[in-house]
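Chain IDs A, B, C, D and E follow the sequence of writing; residue 1 opens each chain.
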Amino acid sequence: MTIFGYKLPGMSSLILWALIWEIVGQTGWTFFIPPLSEVIGTLIDVIGTPAFLKAIYETAYAFLAGVFFAVVIGIPVGILIGKSRLLDELILPWVNIFLSAPLTALVPVLMVLFGFGMKSIIITTTLFAIWIIILNSRAGVKQINRSLVDMARSFGASPLDAFFKIYFWAALPEILGGVRIGVIRAVKGVIIGQLLISIVGFGALFELYSNNFMMSHFWAVLIVLFALAFSLSEFLAYLERRVSYYASSR
Amino acid sequence: MDTAVSVLNVTKNYGDVEALRDLSLDFPRGQLTSLLGPSGCGKTTLLKIIAGLLEPTAGNIEIDGKQITGPGEDRAFVFQDFALLPWANVLRNVSFGLELRGVAKSEREAIAEKYINNVGLTGFEKSYPHELSGGMRQRVGLARALSVDSKVLLLDEPFSAVDEQNRRKFQEDMLELVRNENKTFIFVTHSIEEAVYVSDQIAILLPRPSRVSEIIRPKGFRSAGVENIRRSKEYLDIVDQIWASLRNYVE
Amino acid sequence: MDTAVSVLNVTKNYGDVEALRDLSLDFPRGQLTSLLGPSGCGKTTLLKIIAGLLEPTAGNIEIDGKQITGPGEDRAFVFQDFALLPWANVLRNVSFGLELRGVAKSEREAIAEKYINNVGLTGFEKSYPHELSGGMRQRVGLARALSVDSKVLLLDEPFSAVDEQNRRKFQEDMLELVRNENKTFIFVTHSIEEAVYVSDQIAILLPRPSRVSEIIRPKGFRSAGVENIRRSKEYLDIVDQIWASLRNYVE
Amino acid sequence: MNRSLFLKLLSAFIVFGTWELAGRIPVSYAFPTFFESMQALFAMTMDGSIFVAYAETLKPLTLGVAISAVSGIGLGLWIGLSSRFEWLFSPIFIVMQAAPLAALIPILVMAYGIGLTSKVFVVCIMAMPVIVLNTASAVRNTPTSIKDMGRSFLATDRDVILKIIIPAASPVIFSGLRLGISAGFIGAILSELKITPTGVGDIITYSRSIADYPSMYAAIFSIIVLAVLFLNGLERVENYLFEGNNRGYVSD
Amino acid sequence: YAAKLKIALAETPSDELAAFFVALDRARANGLDYEWTAFSDEELAIQAVLSGQMNIGFGTPYSAMQRSKAPIRIIFQLSKLKFFPVTSKKYNDLKDLDGEPILLHSRGGGTDSIANVIEDKIGIKFGKRSYVPGSSNRVVALVGGQTDATIIDLSNKNKVVKKFPDKFNVLPMFEVDSSDEALFANLDWIKENEEQVGIFVDALVSVWRDMHRDPTIISKETNPDGPIGQLPKEILAELDGFYTDAVAGGLYDPNGGGRKAAAADMEWYSAAGQLTGDPSTLNIEDFWYLAPLDAAMKK
């Protein structure tokens, strides 16, 4: 957005929201929402503690691994089911099922299959992020301009060439949109995994703080989490803008 | 006569729509054959079948006597709707055919550069398709097909959006390729004049379901030169003759 | 003379690319004006500016003496790239202009039906754009523009993909609209012959940055009838004259 | 029998077969076989308890999903169209999307109590962000050439949105909608697990606490079936509304 | 040879688990090698032990023992079902709750059975029961005015009393001996690892006994680098207070529960609907494995 001809950076509206938060907190409307300044103070206090650093490490590790798998599996699967009727008919119903399965319900099965460690948490994270990536890639591929596919084939593109040079790029705006949303969901996924499976990392902190009504600690962790989500989402939004030049002229 | 491409009893249905019915046609090597026919009669369909992009419902295609099973290096296609990669600039688009054939980057860009120059787009190498005019886009597609140097060229209304000046240049270039490099052209156009001027053989197609109704082999006009041909009586006669027969079939 | 549309000192830059520079041109009411110029010279740009789709960098457009501020009911556009709605069938696409003007469904479909028939697409009302051939798509775009019955029609290479037979029919239809309904046509084509045959006035544009280099008012050919005109000496002379001047400017 | 149905049945057979086998090994005492679960489901159907439960669960679910779908698409359009609005509101949805809902439930309970309102809120928080964000990015990618066409035929802003942008964006909007709605299902269950166990959530918690795993799996199974049926219905709607957008598969 | 003992907690380490971790530290000193994983609830911990991924779990898996026929046995009672009816100022006594709505954890859960027993003993009938899982969530509902009566655990009761000293009443409750949290394990595994189980139960009994003598030993013995020592200082500051209250309130049985607890459990969980069959006919040996506890008590 531009104000008086000056272009405001993307997330600068957060300052506005932070201000509202501070005001609400100061009014003491509810003890659940302490003023932002207090939260920041707490954050500065706790951020260097070993417990906090360990939680960040555990969370970041599970998150990054989960997103990695969601992306490298989700995009190819989405593209493949978008272009092939057979695969779509085979896989889409299951995508729908996993999509709508309450993950809490899958947790016991996951635990049985993968144990309680990092592995299950990573898988939960992946399960949160992957479906939107698959569905968006599929949607992107389904509206591909057929002439491009024909063109690539007529110039002798191998299936791999077609995949990387045509389908991927043609669907890229949708894929990036999907990855962006998937990544944000993964943030939630990693926390839910840490709450549902074994209580470690940020999940453990949330549980601890909210059980003990330590609201400013609670919000401090949330802020760190949101910062993570925002910076990733902004980075991906930047990539999206990089492809917007052709997104609307496909 | 040496046949480069033969279409043997090809039928093509799209669901209920019968586009081609039992169509057979030979394309002699080193010659230019034009396909003339009403809009929607199945010219693009036929070209795509020859290119190996569509499966015919019945019949088959032979190239050098061998039945085709799909697209091949021996054929290059110029698409009616250009089919440019919107995310790639002109240079990448033109060199894309070579890229798919595994030509090294520096080499394929040098070749692409040459063809970009040929179609008059020097200076636009870094532009993206959405920054080009219709005719410029069409020329990008043309340059891409020419750059892969295939033996058979399938051109689907390749000059429809370019100006007269460019069109004449491309016609000459095309004729030169036929003459000097023994390439086989299969050329779709709606301009009877153009067909008469450039073709060794003109196949007139019936409206859907399409078959070949007539094959005409105009000759001797090229030597006269573009400038004068329009005033030549034989030329005008043959144009009128084709026009008459096209109109007949349509009505 | 009564001027329907005037272009006053219009300049248009796309970033660094200067497409139009200080271009002025009048379009007389109830006449057909053709724009002829090399590919990429800015014809589409000019049409879009007249249509109110693009803002000129400088200068302005007047219609009936009033400066325009955006698109209006008085103008209808045929797009070079057809611009069909891929999710809508032919009937919906053709009636889309009327739909946007709030015409009731049964009425607009009746009108659309008529124009679909006019452009020879009867039987394809329920087909989607991706099931049509290139020329058929173009005709859908044509029917859509005709159906809204605007006073000024902006046609960007409207016949480039249709066959000779249809092209001649559309030319006659267009001339009839000029004659009987006093419509004003602004017509982009690359065919000098076509321009000479249908136009009251031909504006020849220079290559980018574009200005009008010459205005030619061919006359008297229409009465002779399409069949004979191609053999008329005056016709051929004027075509040659335009060709010569186009070629001059390009080189 | 048509091919598509056959494939569906085949893949269902494989998956349920694997389930049955896994239950028989058994992989865990807490993992019932497919048939046991189906028996439990049958029993619940016969005594009607499942219908009573769904009558309860569907209230927040349908309400929340309806609110999210309508206002989610509306907000998404707005965000996609106006950079000012995007600047102001897209952070909210990113926050909502990333917020660990389970941890926030106390706040909801505090603000909206333990009744229907907070459950509807949970469903909305789950369902809305993905609908909003997907719609917004789809709107930004609408082809310029047909937007121009619309404008030249005098489309009002409303026309452009309803007749050009929405249909053009519909594949991506619908994929967001699908995801949002299924997230809504999860939200409904989550709210019944975390706020107050009623309806299907109650069957799940209760049978879990008495270690009646077949009933627990039966309840979960039923909600998944419902969600899948609903999503298939949604796909039908999409294909019906925007038939021409379905250009089939490249593989055909 | 002794593999690492894998313990499944049913909640995150917090003040209530401090004593347990002190016992773990003592056991380690005696050569027990262990690791722990925190699960979000008891059911998950039970499932983890059932499927053999964890050795020892937290919770009261009576219905799982009866239904799944898995050879699971309880070896130690960690804490008793100490729950507190907390209400707004509207009510002063359990009798006042006759016909009144009440907020509980979940259908068939611990607080639900407490409500059943209250009804039995006091001779009242609660009105509509609604459910909100999690004591802290019920506190929120109470504070937020969503309910006037609920039943919560000791730690949350203390927080309510401290934060809102005169807004709520804690109603007097009768004694309950049955278990809230117990340690359980697979019988086959116990038999294979008698020695480890022995060390562990010994340590627990010793801490539980010491704690009864002096509740502050918990905070003194807490390892500052362990999971409890890492908790925020606000929580650590409460440890002494919490354990003093807990010991005074009889939350912990210095004898590890044993037969008395087992008998109470049979009674209680039958009443709560988690066990089927007449409580007097149920065989304690099918639910408890008492050998390690008996051995420890002799020391």
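In the analysis below, contacts are C-beta pairs under 8 Å (C-beta built on N, C-alpha and C of every residue); 3 or more make two chains touch, one makes a residue touch a chain.
These figures come from a predicted structure and were not determined experimentally.
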Hey, what chains does chain B share as contacts with chain D?
-> A, C
Tell me, please, which two chains come out on top when C-beta pairs in contact are counted per chain pair.
-> A-D
List the centre-to-centre spacing of chain C and chain E in whole Å, with centres computed as mean CA coordinates.
-> 84
Rounded to the nearest Å, the gap separating the Cα centres of chain A and chain B is 48
Quick one: which residues in chain B touch 2 or more of the other chains?
-> 81, 130
Provide the list of chain D residues touching at least two other chains, using ranges where the numbers run on.
-> 27-28, 30-31, 106, 110-111, 144-145, 193, 245, 247
Contacts with two or more other chains, residues of chain E listed in rising order | 47, 51, 136
Chain-to-chain touches, reported pairwise for every pair that qualifies = A-B, A-D, A-E, B-C, C-D, D-E
Chain A-facing residues of chain B, complex = 48, 51-53, 70-73, 75-77, 79, 81-83, 85-88, 96-97, 99-101, 128-130, 144, 148
The residues of chain E that touch chain A in their complex are 9, 11-14, 37-40, 44, 47-48, 51, 53-54, 136, 139, 159, 163, 230-232, 234-235
Hey, which residues of chain E end up touching chain D in the complex?
-> 43, 46-47, 50-52, 61, 63-64, 66-68, 70, 103, 106-109, 130-134, 136-137, 140-141, 143-144, 146-147, 273-274
Residue ranges of chain B in contact with chain C within the complex = 14, 17, 37-40, 42-44, 80-81, 131-136, 139, 156-157, 160-167, 190-192, 230-231, 236, 239, 243, 246-247, 250
In the complex, chain A touches chain E at residues 46, 49-51, 107-108, 111-112, 115-116, 195-200, 204, 207-214, 217
